[in-house]
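There are two complexes below, and they share subunit A, which is joined by subunit B in the first and by subunit C in the second.
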Partner chain A sequence: MLQFITKRTATLVAAVVVSSFAVFLIPYFTPGDPVRKIIRSRVAGDAIDDASVQRLSESLGLNDPLAVQYLRWLGDFFSGDMGLSFVSRTPVVEQVLPALSVTFSLVAMALVLAAAVSLPLGIISGLRPGSGADKAITAVTQALIAMPEYWVAPVLVLVFALKLSVLPTAGWNDLSSAVLPALTLALRPISFFTSAVRAGIVDAAAAEHVPAARARGLSHGQAILRHVVPNGLVPLSTLFAVWFAGLLGGSVIVEVIFAVPGMGRLLFDAVVNSDIPLAQGGVVVVVALAVGVTTLADFVHRFLSRTVGGTLA
Partner chain B sequence: MRSSFRPLVLVAAAAALTLTGCGFSGTQATQPSAAADTSQRIVVDNFRAPVANWAIESDAAYILSLSGCLETLTTFNQAEGKVLPSLATEWKQTSPLDWDFSIRQGVRFQDGTDVTAESVVSALNHVLDAKVPARAFNRTMISSVTAVDGQTVRVSTPAENPLVPYRLASVNTGIMAPAAYKPEGLDPFGHCTGPFTPVSEKAKQSLTLDRNENYWGGDVQLAGAEVRFITNGPTRAAQVQTGESDISLSIPVASLAGLKADDGVTVLGADSPRTATMYMNNGRAPLDNVEVRKAVREALDLDALAASVYEGAALPATGPFAPSEPWAGGKQDKQQQDIEEARKLLAGAGYTADRPLEIIAIVERAEFADVAAVVQENLKNIGIPVTITSKEYASAEPDVLAGNYDMLLSQRNRLIDIADPIGFLTADYTCKGTYNLSHFCDPEYDRIIADAAKTVDTTERYKLYAKAGQILQDKAVNAWLVNEQATDAIRTNVLGYVQDPLSRYVLTAKTAKAAS
Partner chain C sequence: MSPLNPGLVLEGLEVGHQGPDGGTSRKPLLSDVSLSVQPGEFVALVGSSGSGKTLTAMSCLRLLPAGLEITGGSIRLGGLDLTRASEQELNSVRGGRLGMLFQQPKRMFNPNQTIGQHLKEPLRLHAGLRGAKARSKAVELLDEVGFADPAKGARAYPHQLSGGMAQRAMTALALAGQPGMLLADEPTSALDKMLERQILQLLDRERRERGLGILYITHNIASVAAYADRVLVMNAGSIVETGPARDLLTRPQTSYTRELLAAARLAPESRRRPPSTERDVLVLDSVGKHFGPRRKAGNAALQDVSLTLRRGEILGVLGQSGSGKSTLAKAIVGLETASTGSITRQLDATGARQATAVQLVFQEPHGAFDPRMTLRTSLQAPLRKGHDLTPEQRDERIAAAMAEVELDAAMLDKRPGQCSGGQLQRATIARALLLEPQVLICDEATSALDALTQRTILNLLLRLQREHNLSLIVISHDMDVVRYMCDRVAVLLEGEVVEVAETKDFFAAPRHPHSQALVEASIPCRADGLWSVLDATAVRSPAPRQGQS
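After this line comes the complex of A and B, so read on.
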């Protein structure tokens, strides 16, 4: 256990260093002058005088060698200071934490919704592979993969906000405003979760201990409930964690369409505007959370595998 | 191209024709028969969010201004086309380099302190001292701001400048109470002078304002407002349609048909000071030859471009200015495609298609990819081979400024700093212009612009702008493609809303809502 935790901690530190360095380099290896991008994010328009560019570069320390800039940031970070945003000149942590809280809630809602839908569908499908219900469920859930968020979101707005007038079109105010963004984000996980649960159920149902359980006197239903379903759910824990980590920074389209002030928008804007400290702070937090969540998922996976005594090690 | 959009094109074209009459001065939506309910609150969907911690020199000033919080010494009235008093009651040029502004007496900031010459001087110097100064008001054109007495502020310039009153209408010169200027940034809460006072903010989401009961400009007709920051255009359109917002600014073309068909919504349009332009590199062959540039211009089918790519929501350009602009001049003929004339011009210029010309279409404006395709087809008809490259503006800019390009599709706001095109005409087309993408240089043009910069009389100055614009036309410096429209949508129970194409003034004391 200690070895596992040590390894994961090392992974976390390496991930923070590598990701923050990669983000730090983006403005310098993408076309365009980073300082002009910062200015344009504050003031729309094209013509920018060179004196302003020079003054801002100086005040932000952007004339220093890249290594000096990065090491300065890293030193501050490990002493608990994420620095100031280049664009707003406010502490990065004051922007990252509220955005993270919003996205965390949004993603949690989306994945819980996805799990709630995909569990029964996957179980029904997996218990009767090849049946009409299985084919229908598979067809519908596979179709969800082909529906991009930038298409699904306006369709949901059209139906639930414009036609039925039962949900708001956008914003982040109360539970009702979270429904459409969560639903949009949930569609693709529903597809993957259903497929994973189905596969898990099919494997578990074919395992030797199921007939053995029947032989011990369990009814068919009891054998399914005790031995098949729990085993079928084991893969979901890992998948849930992977999606959670991915969506923390990857829900930008949904956040823009529904005006949700989350991490996706924050990271996207930070990168576009060359707001290096904000992008670094945001990415580091997301990466750290991703490592944390997948580590937790590994624990859960191991625990479940042992507890249910299933076929998955 | 896009034949499936034909019904939409027709609807949009009809809308555009309706909008044409709206002119540069914006549209006024009035409901004289309806009575204002002063207990109502209003919701405005704005297209930009504050990103710079309300820094007054940033675009956040636009948000504070449209919200009815921030006010300036002067305002620019689009309908009348002139500068009007606001926090200053009058002004005069006391010497070639000095302008004196009389501060309105009896005005108080929302925190209860008096607006004095001293507080105005402090506010304006704060803008001048910004690291990235405001375009309209900075040390290059303003040398000092001082108090002459308790109610008079003197603005001095390094050279004679008749446009100082225009500059003080820029939202970046908004006046706030001294307590607003804090070391950690600007605090607008309770520190403005306008009809609405900000009371709370949801970061990156919205600003909530209440009526300023002590507003100097008369009774405020609304109890309060919420200005939402909705950067996605279709979402703004959907919100005004559902009634979640009362006013949605900058409606995208694709949403116009749906809104026009909705009885509960009024769509307002006006010429915006933006012209989609194909910049041509006047400094590099073959486009250094005026005849070749004219041939390019003659080959373009602007009507088809406006109808197809812009779905009728933009009008074919007539030159560097929109026809409704007071400096556009009298002669405003639409460019008609003339392939034969274009071929003749090319032959006369001795053009040979040695290499394909490149059009850079900036990706920030998605429609430019389609515009480039139309232009490519038009130029192919006269024997000019064209390649298209899509780039982010930031990546194209160094090459364009250095003169290493052929053609660039882009658009500029002519009035981005003040309500006068002097900044645009100087930066973009004078020999030493800091943003001379066309690499155009003409001593006569420079002389006219220099004269205009010193001309106090507005009519005379506008005549000089028109003359300068004619030179740009005659020399076919660029191909001006379409004039874009500013389109807002409001619920039909909104009263007293006057559209501002630059979205500086949205909520005023007169903005109201009828009882629901």
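After this line comes the complex of A and C, so read on.
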């Protein structure tokens, strides 16, 4: 187990380092000289003389070798100095952290909702595969995949905000304003979770140890509750984490439509405004978090399913 | 039979397919099965695989696989008609008055729960024990079945137990509800002889001490001779013969029983001439294999193994589970590389032929074929590379190999799921023969098969060996197989060869203490006299002993 944790943690660090290096290189591949951009963002007027460019490059350390620059940037980054936003001229970290907490709650709400819906649905259809209920549940949840967020969101707004006037159209103020974005975000996970739970339950119910449990005197219901459902849900932990990680950076459309001040919105604005430090900060934080969550899920999965890699024991 | 009979009584049991046309258009799987087991009685139910033994046991628990149902007859347990009992009554019977001991213990445990958690279920349901009381009782049960550290055993997950320990834990689980009657479905067929003896002695002790009635399902005739009071012989869903163990084993009435007994008695004496030449084809010199970090001595799967295989010889490699037998097989074929030492091939082949001249026959035939491919596609694969054959020549070669292993060419269009274990094992051998091997390694090649099929496969291997002058390495934990097949025996213990001897000498006077234990355990214990009587059976039996020259 200890070896597993060290290995996984090493992979995590490697993934963050590699992706942060890619992010670090972004300015070198964007058209235009970043130094000139910085000067332009700070002084009014078009005239930029080469001497000031040279001076700024020197003071920013841009004449140092790439590796030195990268390590300095990485060190600053993880000690909380992510630079200044080109647009707002405020520290990037002060924008990223609030946005992150908003997205975090939004995604958490969406996934809790998704789990709450798909667990019972998946269990019902998995216990009686081929039944009418199973067919109906599978049809509906599969249809959800085909509904893109940019279509679902306006429809939901139309129905709940404009026609019924029970929920706000956009913004991020109280819990009611979170309902529609969370619901929109939850639809696709509902579909995937339901089919994963269904498959897990079908597999677990077919295991030979289930009739063996019945032979000990467990009723059908007890056997399902103790030996089928818990085993069938093990694969869900990984899927849950993958979706959590994916939605942290993948909630752009929903955040933009509903004007939610989260990470997706922040990255969207940063890209539109060519705000390189803000984009860099946002991406690295999202990547680090995504890899972290996935690793955590591996630990949980390992704990839940005792036999993964257990052949060596 | 009186309804107050305390035992388990089946009368005219019939099991068939469910549904509107069930029972009428399709043949029932069990028909007219009548048997009884009284408290304190050890009754054996024997028959080849697929004869309906397990189905009979599952019917008693009313836990038939989906699609099957009891279509006639009655099952009574101490006056209660189980075919009419309510689900609630059945739940108190299952694991309570009627226990079930399964084969393949590892697959019968929930992999995500500890042994202790499993044991608490019957203790709660049938003894009303909860919490700390259930915990201490669970530990007590594990102690009784022979766990060295029962508290640790209770905390273990099923995959952390060895096969023998898992079967002991399964036995504790079956006995936890203090059943008066136990259905034991091949509880020892996956175990080696020593573990088998321990489990059966455990059951026999329960029988003597508290009058446990046992229905022992098996295809292992030797253990029947040693423990059973009465024997029932099952074939194609019906009981074909029944009687006291001694009578039935010594004077079988039906040809099926005679065949079954003959198959179980693999002739111990040498059945073939010694190899004609003394030339070695394989030389293993101090072969070692380590998995994981080297520094830990415990990681050695093989240590300092030196062996030679002569041309035309059959060498047996005996060892218990985990002794390194399979690693040795893989190292010889080249599926694993040896960490130390060398394996030299001295064959009449060069280049690519040299590489394929040593072939492996796997243990689990169902695992050795791709389930999605027909046998034809699977058999074509080895001929694709390095052989300049036209598709027609390829088909000819495959047809010839199929004929060698006595399989109908029509089988080629089937998929593994449609074949029996015996048919597939023949196909595995055919696949190995395609590459014209000079050495064939059989890794527990018949241990997944029932006695009748096992015998035919062993005889097939003997014939192929004679006709092609093959050299064979037979890896097994089954003493009878080794004694039947081999010229010489090598004993593997924890990765080391502790003894190499001529088969005759080995079984007469094993030198190493481990070998002595193995040989001793292969002789049944309770009714020593029966063994010699059984020899007489083998003489009486009309079934010819093949391979004698």
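Operating definition for what follows: the second predicted complex is superposed on the first by the 238 of 313 C-alpha atoms of A that agree within 3 Å, B and C clash if a C-alpha of one lies under 4 Å from a C-alpha of the other, contacts with A are read in each partner's own complex, and residues count from 1 in each chain.
Just so it is clear, a contact is a pair of C-beta atoms (placed from the backbone, for glycine too) under 8 Å apart; a residue touches a chain by one contact, two chains touch by 3 or more.
From a predicted model like this one, the values you see are computed outputs, not experimental measurements.
In the overlay built on the shared chain, the residue A:227 is in contact with subunit C alone; subunit B does not reach it. Looking at the shared chain after the overlay, A:216 reaches subunit C, while subunit B stays out of its contact range. In the superposition on chain A, A:257 makes contact with subunit B only, while subunit C stays out of contact range.
Look at A:52: by the touch rule set out above, it reaches subunit B but stays clear of subunit C. Contact with subunit B, but none with subunit C, is seen for A:265 once the two complexes are overlaid on the shared chain. Of the two partner chains placed around the shared chain by superposition, neither subunit B nor subunit C is touched by A:11. By the touch criterion stated above, A:162 is placed in contact with subunit B alone, subunit C being left untouched. Between subunit B and subunit C, B contacts the larger number of subunit A residues. On the side of subunit A, the complex with subunit C involves touching residues 207-209, 211-220, 226-227, 230-231, 234, 304-307, 310-313. Put simply, subunit C touches subunit A in their complex at residues 58, 61, 63, 87, 91-96, 100, 102, 104, 107-113, 121-122, 125-126, 157, 159-160, 173, 176-177, 292.
Interface residues of subunit B, counted against subunit A in their complex, comprise 48, 51-53, 55, 57-59, 131-135, 140, 184-185, 202-205, 228-232, 234-235, 238-239, 241-242, 244, 391-398, 410, 412-413, 416, 427-428, 434-435. Interface residues of subunit A, counted against subunit B in their complex, comprise 30-33, 36-37, 39-47, 49, 52, 55-56, 59, 87-90, 95, 98-99, 154, 157-158, 161-162, 165, 168-172, 256-259, 261, 265, 269, 273.
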